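Consider the two complexes below, in which chain A is the common component and chain B and chain C are the respective partners.
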Partner chain A sequence: MLSQILYALPFLAEGFAVTLWVSLLVVVLSLIAGVLLGVGLVYGPAPLRWAVRIFSDTIRGIPILVLMFFVYYGLPAVGVHLQSFWAAVLALTLFKTAQVVEYLRGAVASIPKGQSEAAMAIGLTFRQRLTSVIFPQAFRRFLPPWINGVTDAVKGSALVSLLGITDLMQAINQIIGRTYEAMPLYILGALIYFAVNYALSYASRRLERRFAFIRD
Partner chain B sequence: MASSNDNPALLDIAEVSKSFGSVSVLRSVSLQVAKGEVVTIIGPSGSGKTMLLRCVNFLESYDSGSIRIDGKEVGFRDGGARQRRSERDLAAMRAETGMVFQSFNLFPHLTAAGNIMLGLTKVRGKTKTEARSIAEHWLGRVGLAHKADSLPAELSGGQQQRVGIARAVAMEPKILLLDEITSALDPELVGEVLAVVRSLAEDGMTMVMVTHEMAFARDASSRIVFMADGGVSAVGPPKEVLAVETTNERLRTFLARFRASHF
Partner chain C sequence: MGYTLNFNLIWRHFDKLWGGLLLSLELAVISIAIGIVIGLVLAVWYVSAGRVVRAIIAAYVEFIRNVPLILLVYLVFYGLPTVVDLAYSAPTSFVLTLSVYSGAYLVEVFRSGLEAVPRGQLDAGKAIGLTPWQRLIHVRLPTMLRITLPALSNTFISLFKDTSIASVISVPELTYGAQWINFNTFRIVEVYLVTTAMYLVTGYTLLFALRLVERRFRAAR
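Moving on, here comes the complex of A and B:
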């Protein structure tokens, strides 16, 4: 049994690399899109606020799996053909973006109005107010739910195996298909996912402590 | 259009009105403040004092009238059309007025010196070293030289408010706006903050302040403005406005109520 697992390790490693790559893409892209849309939701003109609100509420109301199948199997009907990898990344990114929008809105809304006014009063422009006054304070509120969302993204990336992408999950399933060693391989897979997410949570707690000096 | 030469007043508020739906909060308010004057606005709550102050640096917009500082319209573009200034222009105009808030509003993630340096570096284009030495100078002026590296959470209310004043004056504003700056303080901390305001007045800083500290208003102001129901009800030197025998009914009621509760 052990020899079979050892034999499969390089294959698992390749799958793990795909899992990390999907997770990284989704986390980075959703962070950028989510922060931009979140700022639009809080400060934008009414039509933009409505658009972001509708986007966020719609996406968050749909199971990720439905979203992923829709992007991969549904969009070709309107002429959009994506490779399974990019269809999966797009669907997961959309889902995560909607969450980041809400984390950002919540974090920014928790900063008292007086902070913006004080920043305005000394002559800071909108962008300077965000980068020098609002974001540094909102960051501490944003971080815990966001890291939580990042671990969700790593776990949720296992869904891409359903589009036939050979990530860690799919690699495990394929090895089990050859070896019939379901129990040890699923345990191994669980441990790998756990190790990544535990490391993330640990890093998050360290970061939170670093910013804890800001009293409310 | 009036150029700055036509108008000797540093701050010229002309017929400013503002309403929320059917509720008028400012009714055609006019007020001129000359350079070096200390003008105190008093009045019952809801009379529009704070609203007027917030219009002067355009934290609030208004429906009609004009507010000029040094001849320049504050929130709207020059040239008559009521077109809001661009974000960049507004920021530049606001940098010309300093504001101190009732709730201090210090930036909690920055030290006392950091609070003062932010505007100096971002808006005034000073280097960090220059900004730091200006911050230290003003912290010294408000008696907090030893607190430069303290975070707001580590300071008392009175100390925080003195940093708030230092943050505003370090920008060298043309006018300083003080919005009930001692109202959130414990009584024993009021004195240290008012002492700072008094020393700024002696330096010739032009100030418009909203306050409930009548004794301070009487002693430190060039003029007192009494507002009621969104309008200027009385204006004049402290002795005149605070005179017991005033014929202004609203003012007499206000002062009587005030004396009853404070003396």
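Moving on, here comes the complex of A and C:
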């Protein structure tokens, strides 16, 4: 059993690298898209607000798996051809973006209106109000849920195995297909995911404490 | 775009989706019910237990919450029967997995709710001579439920959506039905549009109903 696990390790390492790469892409891309759309949701003109609201509520209302199949099988049907890797990243990013939009909206909504009014009163432009007054304060409200969401991205990345991408999950299944050692390998896989996510949530708790010094 | 929508084949196989949705709901309801029992028992135990029991419960919660559900589903369906002498169907296997999974999330919800019950209420219960058991049933749990209702609703909806993972072990729930139609008719866009609508309508109906419950109990305060 041990020899089989040792034999499997290099293969698992490759899959693990894919898992990390997918997670990183999803986290970074969704952060950018989510913050942009979130600002649109809070400050944009009505049609943009509605569009973002519908996007977010729809995406968050369906299982990631359905969204992933929709993107993966649906895009070629309408003439858009993406490699399965990028289709999977796109689907996971869409899902995470909707969450980031909500974190941002919640964080900005938690800042008292007086802050924005005061900034306006001293003559700051819209952009200055955002970058110098609202965002620095909203940041520490945004951080905790967002960091918690990073572990969700790592867990969600396991679904890309269903599109034939050899991430950690798929690597485990392939090794089991060869060795028939299901239980040890699933437990090993679970421990790897656990180690990564536990480390992430530990780091997040420290980071939260680091930014918790300003309290109102 | 070059793609013409044609829903005829979807309606012809609609029973796959409708039956799938009913099974999704069934899986969710049974798993959540078992999860609530696990969550309540462990949360009540946790807040009054010693260090060892706390560590064990925390280990269970942290482990489950940090591992992808799909891996747990595989582990229980393909892995577990190789080491224990048990045979179970795919739906049973999934319910088992989702129960243990939801239990871990619900322990957290209930535990933070229990810790948020104001100290004064328990003291008041003690002052009017309630036994520890009576304080738990008549003071602690009802107050905790009111505090946790919003978090509970969100967890329930999220668990309902998680039933889609059952499709990976061929449980014929809604996502599986969608894939079946996808592979057999190639009306890809249509089937996922209809499936999306079905998840949305069901999910938001549930959420709306749970919000009504929340409001009803908030008013009673």
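Throughout what follows, the second predicted complex is superposed on the first by the 216 of 216 C-alpha atoms of A that agree within 3 Å, B and C clash if a C-alpha of one lies under 4 Å from a C-alpha of the other, contacts with A are read in each partner's own complex, and residues count from 1 in each chain.
Keep this in mind: contacts are C-beta pairs under 8 Å (C-beta built on N, C-alpha and C of every residue); 3 or more make two chains touch, one makes a residue touch a chain.
Since the model is a prediction, treat every value here as computed from it, not as a measurement.
Contacts of A:126 after superposition on the shared chain: chain B is touched, whereas chain C is not.
Counted by residues of chain A touched, the larger count belongs to C, out of chain B and chain C.
Using the contact criterion defined above for the overlaid structures, shared-chain residue A:69 touches chain C, although it does not reach chain B. Of the two partner chains placed by the overlay, only chain B lies in contact with A:114; chain C stays clear of it. Using the contact criterion defined above for the overlaid structures, shared-chain residue A:161 touches chain C, although it does not reach chain B. After overlaying the two complexes on the shared chain, residue contacts for A:190 are found with chain C alone; chain B is out of touch. On chain A, the positions that touch chain B within their shared complex are 112, 114-115, 117-126, 128, 132-133, 136-137, 213-216.
Of all residues in chain C, only 1-3, 62-63, 65-72, 74-75, 78-80, 82-83, 161-165, 167-168, 175, 178-179, 182, 188-189, 192, 195-196, 199-200, 203-204 touch chain A in the complex they form. Within the complex, the chain B residues that touch chain A are 57, 59, 87-88, 91-92, 94-99, 101, 103, 105-109, 118-119, 122-123, 151, 153, 167-168, 171. On the chain A side of its complex with chain C, the touching residues are 58, 61-66, 69-70, 73-74, 77-79, 151, 154-159, 161-162, 169, 172-173, 176, 182-183, 185-187, 189-190, 193-194, 197-198, 201.
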